[in-house]
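My questions all concern the structure below.
A, B, C and D label the chains in the order they appear, each numbered from 1.
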Amino acid sequence: MGAVFTEFPWGVILILLPVTGGILCFLWPQIAKITGLFIVFVVALLVVGLAWQIFNNGVYRHAVGGWGAPLGVDLYADGLSLLMLAITALVGMGVSVYSAAYFKHEQAAQFWPLWLLLLAALNALFLSADIFNVYVTFELMGLAAVALVALAGSREALGAAMRYLLAALLGSLAYLLGVALLYHGFGTVDIALLVERAEPSPVIWAALGLMGAGLLLKTALFPLHFWLPPAHASAPTPVSALLSALVVKASFYILLRLWLEIFDPLVGGAGVEQLLGLLGAAAILWGSVQALRQTRLKLLIAYSTVAQVGYLFLAFPLVAAAGVSAWSAVTYLVLSHALAKAAMFMAAGNLLCFGGHDRITDLDRVVQRLPLTAAAFALAGVSIMGLPPSGGFIGKWLLLEAALMQGRWDLVAVMILGGLLAAGYIFKVLGYAFTQADISHESKAVPASMEWTALLLACGAILLGFLAVPVLSLVGIGDPFGIGEVRP
Amino acid sequence: MSTAFLYALVGTGLFALGLYALIVHAHLLRKILALNIMGSGVFMVLVALAKRTGDAPPDAVPHAMVITGIVVAVSATALALTLMLKLNAKSGHAELPDDRRE
Amino acid sequence: MIASSLLPGLIIFGLAEERVRLRTVLNLSGALVKLVLVGFVLWGVSQGQQYETRLALLPGLELVLRAGPLSLLFVSLSALLWLVTTVYAIGYLEGSPHRSRFFGFFSLCVTATVGVALSGNLITFLLFYELLTLATYPLVVHRGTEAARHAGLIYLRYTIAGGALLLVATVWLYTLTGTLEFTPQGFLDSVGAEQHTALIIIFTLLIAGFGVKAALVPLHGWLPLAMVAPAPVSALLHAVAVVKAGAFGIVRVVYDVFGVEFAANLGVLGPLAWLAAITIIYGSLRALFQDDLKRRLAFSTISQVSYIVLGTAIAGPIAAIGGVVHLVHQGLMKITLFFCAGNLAETLGIHKISEMNGVGRRMPWTMTAFTVGAFGMIGAPPVAGFVTKWYLGLGALQAGQEWVIIVLAGSSLLNAAYFLPILHRAWFQEPPNTWPKEFDFGRKETAWMLLLPPVITALMALAAGLLAAVAFSPLEWAQFIAEQEFSRP
Amino acid sequence: MTLLTWIFDSLLGLSLLWLAWRALACPNLFKAIVLFVAFGLLMALAWVRLAAPDVALAEAAIGAGLTGALLMAALAKLHPTEAHNDFAVPPEKNVTKVWSWQWLPAITILLVTTGLGYVVLSLPPYATGLSTEVAANLEISGASNPVTAVLLNFRGYDTLLEIVVLLLALLGVWSLNSADLDHKAAPGIVLDTLARLLTPIFILVAAYLLWVGAHAPGGAFQAGAVLGAAGVLLLLAGWRPRTGLMALPLRLVLVIGPAIFVIVAMLTLLIAGQMLEYPPTQAGALILILETAATVSIGVTLAALFLGGDPRKNNRNKNHT
């Protein structure tokens, strides 16, 4: 029995199953909702299986086609990939339940196949050990995401989807050129083999520049964030949640992997980390200030994503003296932001659905009568602000610890200021939850499942604040951050 | 300079031309063309450098990658063109709305 | 113990507005259960037992709840006053909207306060401290008016910024020492001398962070504004939860993080004492010129809470007793005053002092309680406030800081100057023919749920003064705590 | 390398750059697309010079042919005022603008490109990449054309995902747009006849390319592209499939490629233990099955992309507008 569990190829099924689901949903739109929900829940179970396997056997490796690198493509999963898969499954379940009530009729028929293929792309991305394969999954993810944004159908959404598509394609091409140089420089596209073969050379620098720029564009790090706010704000709500919670993190994950495995050992300490940290700091301040200035709720949340992405990059310059804290912080921030931001977008979607608009100043009519939604927004906000007890707090604590260990007062100041600004924009919204307003008539009922999923995800973000020890020990499997070998 | 490097340089040139056009042109059809030319540049680098095998047949792996890339490119182009038409039908323009007009 | 208010709180959120009876039962039973638990633990600790709960929060960091003497002092205070305030709030809010929400956050607020009290290390403290901020915000803006929203915003600005300072200081401290566990006499002995500048900055940050809630001048700006909240909230904010949590934080920092001796050697206690003294005088002066009753009480709070800080900062065992015991005394007295102010507003529509002519004849019980509280504030024997001032004065003399006596005397004079005219008006002036807005309560002077709490707390304040020497009195506990802090093994 | 080939390569390279430049800069969009198609054809020539006949075929059929057709069709459907006004700013204003900000990207890109050129030249002049590994395993891969072996066997997983990308693009297009299914009168007798004549030929060519792909240049993508071209030609000539076919049958044909791929992936996973690990004896057959399914799907998908919308939505949308 145990052997079946530990030998079963969970990882591969994680990719193939959603693809199958996407095809089924496309063929028979009538049963798309049921099929979609079923597949997503099975995927979550598969992730549990994979976790069991990794926990018992250590890292997971699957040589597709039986060839093995460098000739074939490898799948690879360690603690970090597992955690990304898990958060994808978790947020994915939430979004699916939410979407089941959100999308109706024709839109539902279009949503489910696109979403399942996006899920396949995300899973494939987190499992990939091959940089060209990553390119293909990027395209899969990008096209699915763009098509999902365009589902909203409004003029803003179409413009935003177009801008998003152009940015995604540009990012992919820059990334692909980097892949081309690495392949021709070192004769392989397998990450592990590249680590063995790569040596400091112009090729490494050019590849870092190209792939880095492409990935930063996809991750929307300031000042390459221009495409994100319109796309995330004008997409249908479940899609906004997916994009902010997962898709942005996917490109960040690849960037992190490549940096940790390939580039850091070769060019670490040459100022690239500092540049990333600087951009991250700028992103925090710029994104937060912009969020504070928005008059529409979904744009506010979208700019908050720009700011939160900045926190992830603050870790890069802090690794030298405090590797454990900095990378644990990144993991934690990624996880808690995924949950909190998904919950926040869903809450915003409920308000939008209920009141028919998302103008912040007119929210008083709405927020009061959706207490669950208001609670979801507030709890998610606690995590985004980094207040205890929440996952966001743990992340911020670790990051602060790293910054203080290294004496980086500038970054400490940025983090504190970012937290204060975040409190500013979140309470700008929450303040309306308590104002007395006359009952308005033009409102639509919000399905209970949409309110509860938002609340549950938000509770997840809070709960994450108490799970640091098991989560961080899980991430350590396979030593993705190279902490085992202490750098001088 | 060998054939491989000559064409590889042409590839980087195409990439640069496409990138420049993507940035300065506002019309979406032009931007889509620019991305296609950038793509061709990248493919050119991939295939050209595969021919550094002397007289032996060139490395087939980049060739396969490029064929994959071409199919991906045409998929993306088709989606982009449809988006452009839809946007054009809704707004009467085939440019992106300016950021400042928000 | 925390669960006894957290659980009812969460359940109450889910309750429909109409379920008044169930909500009342939940509230009161939660409060009673907590009181019983506290009594049990109190007895246990006095028998030398240890109560501790640990939960891993981060590698190397734990969530620690520990029932030490200082914690218990604060816990007993909040448990007792919670029960009283709950009764009062149920009476006060009869018939107003959003009661489920109110009592939900009310319970959360007490949860956080108890958490603050029981915290066994700085990160746990921080966690509950921030929770307190979040839980009180909805209470401050409960009325939902534009003024309330504004006050809430100001409140948040102060407290969130303070919280951020605390966070930095805490993390910094952790990177220097690798522990955050509260230890009598501090845990910083191992830190080398070259880090002392850093420690001074950390101390400043911590004091600034807690000072926001303790309303130390110049960080007091939010407190008078927050008076827009309903009376039970004001009572709770001032007497038990927020302000006290800040003061309690300062006590913790000085005693259990830095240690009195260490802090005195760093030279940070002198400025703290001065800051407290300035706050005492400034608050009293401002109170003198307020006509709005609640605002006068608010400035009085600013002044009174700093007695606690002052007692801590004087760095002598007797002054410490005064400071710690004032934590309890001020709570009892101030809550009485706020209950009375609330009664006046709810029964007769009185908000201003100039409207209080002859109110003592209309509402004798309320005003008697008010008088007891006011005399306590002035420091007249035999009310509890006298004990505080006596010990503070003695402690100052013992520590050779005679200037404190002048501050104490000055502030007592000012206290008298702003309380006595009120009493004079209430008892000796002719009542007007009509009150601003009178509600009918039949033959009683007001609803019994409103009347009972202030009378009880006033009696307790009296008792704390009269029976100060009895075992289990606040003073005895405070002496126990001071002994722990000042006796070197 | 002889001088003659060097001159030829240089000229070809320069004309590629020049055509790209003209296609991106010429003010008329129609001309730009024509130039782009010409560019694609020259690219095919360049691929031949680089000894990449498979890529050349794919480029000619997909890169130049189908992309060009898609672009032309899109241009035709653009709002008339937009189709010819291709610069956002009028030319005279454009000139002043050039100096205000366009020099910045130009100089940056120039610097970056110079750097890239240097990096390219810094690569070792002789490298075999993975060609030895490919050659060593060609025997058991089931295909003697190394490109097909890589695409369908060694890196078959990429190809699986890539076919899904194609399907995804169609899903995206369909979710955005509905297609006009009314029969059109053929634009002219010439085109009509041409279409009738060429379609069977194209199908034959596609079948040939598919078959030959196992050991010579060609394969699923090229064959699919030719099939797609046939479809485009039919659509151009005004032919529209019957509505009854538009429902499930069309969708089944569209997904047959990815579906067969996924099924094969699952089966190999169960039997061999690794996804897409073919038993050497059946590898050839499996590859042929995969390629046939892929060809059909690619061809139909490409033609459907050209049609540019979801045929199912046609009637419903008409009622709305």
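Heads up, the rule we're going with is that a residue touches a chain if its C-beta (ideal position, glycine included) is under 8 Å from a C-beta of that chain, and two chains touch if they have at least 3 such contacts.
Keep in mind it's a predicted model, so treat the numbers as computed, not measured.
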Check: When you take the mean of every protein CA atom shown, which chain's own CA mean is nearest to it?
Finding: A
Notebook entry, point to check: Is the C-beta contact count larger for B-D or for A-C?
Noted result: B-D
Notebook entry, point to check: Relative to chain D, which chain has the most distant C-alpha mean position?
Noted result: C
Check: With chain centres defined as C-alpha means, what is the inter-centre distance between chain C and chain D in Å?
Finding: 73
Next item on the list: Would you mind pulling out the distance in Å between where the CA atoms of chain B average out and where those of chain C do?
Entry: 68
Notebook entry, point to check: Distance-wise, how many Å sit between the C-alpha centres of chain B and chain D, to the nearest whole number?
Noted result: 12
Check: So how far apart, in whole Å, are chain A and chain C when each is placed at the average of its C-alpha atoms?
Finding: 43
Margin query: Two-or-more-chain contact residues of chain B, please, as numbers and ranges.
Written below: 15, 19, 45, 49-50, 52, 61-62, 65, 68, 72, 75-76, 79, 83-84, 86
Item checked: Multi-partner residues of chain A (at least 2 other chains) -> 132, 136, 139, 143, 146-147, 150, 177, 181, 183-184
Margin query: Show the residues in chain C shared as contacts by 2 or more other chains, in ascending order.
Written below: none
Next item on the list: Classify the chain contact graph as line, ring, star, complete or other.
Entry: other
Notebook entry, point to check: Pairwise, which chains touch?
Noted result: A-B, A-C, A-D, B-D
Note to self: Using the touch definition from the top, list the residues of chain B that touch chain D in their complex.
What the structure shows: 2-10, 12-21, 23-27, 29-30, 32-34, 36-37, 40, 43-45, 47-54, 56-68, 70-79, 81-86, 88-89, 92-95
Notebook entry, point to check: Any idea which chain D residues touch chain A in the complex?
Noted result: 112, 115-116, 118-120, 122-123, 127-130, 133-134, 137, 153-158, 161-162, 164-165, 167-169, 171-172, 174-176, 248, 251-252, 254-255, 258-259, 262, 265-266, 269, 272-278, 313, 316
Next item on the list: Spell out the residues on chain A that touch chain B in their complex, using ranges where they run on.
Entry: 132, 135-136, 139, 142-143, 146-147, 150, 155-156, 158-159, 161-163, 165-166, 169-170, 173, 176-177, 180-181, 183-184, 226, 230
Checklist line | In the complex, chain D residues that touch chain B | finding: 1, 5-6, 9-10, 13, 16-17, 20-21, 23-25, 29, 32-33, 36, 39-40, 43, 46-47, 49-52, 54-55, 58-59, 62-63, 66-67, 70-71, 73-75, 77-79, 81-82, 86-89, 102, 105-106, 109-110, 112-113, 116-117, 120-121, 123-131, 134, 146-147, 149-151, 154-155, 158-159, 162-163, 165-166, 168-170, 172-173, 176-177, 219, 221, 298, 302, 305, 308-309
Checklist line | chain A residues touching chain D - in the complex, by the definition given at the top | finding: 9, 12-13, 16, 19-20, 22-23, 26-27, 62-67, 70-73, 106, 110, 113-114, 117, 120-121, 124, 132-133, 136-137, 139-140, 143-144, 146-147, 150-151, 177, 181, 183-185, 187-188, 201-203, 205-206, 209
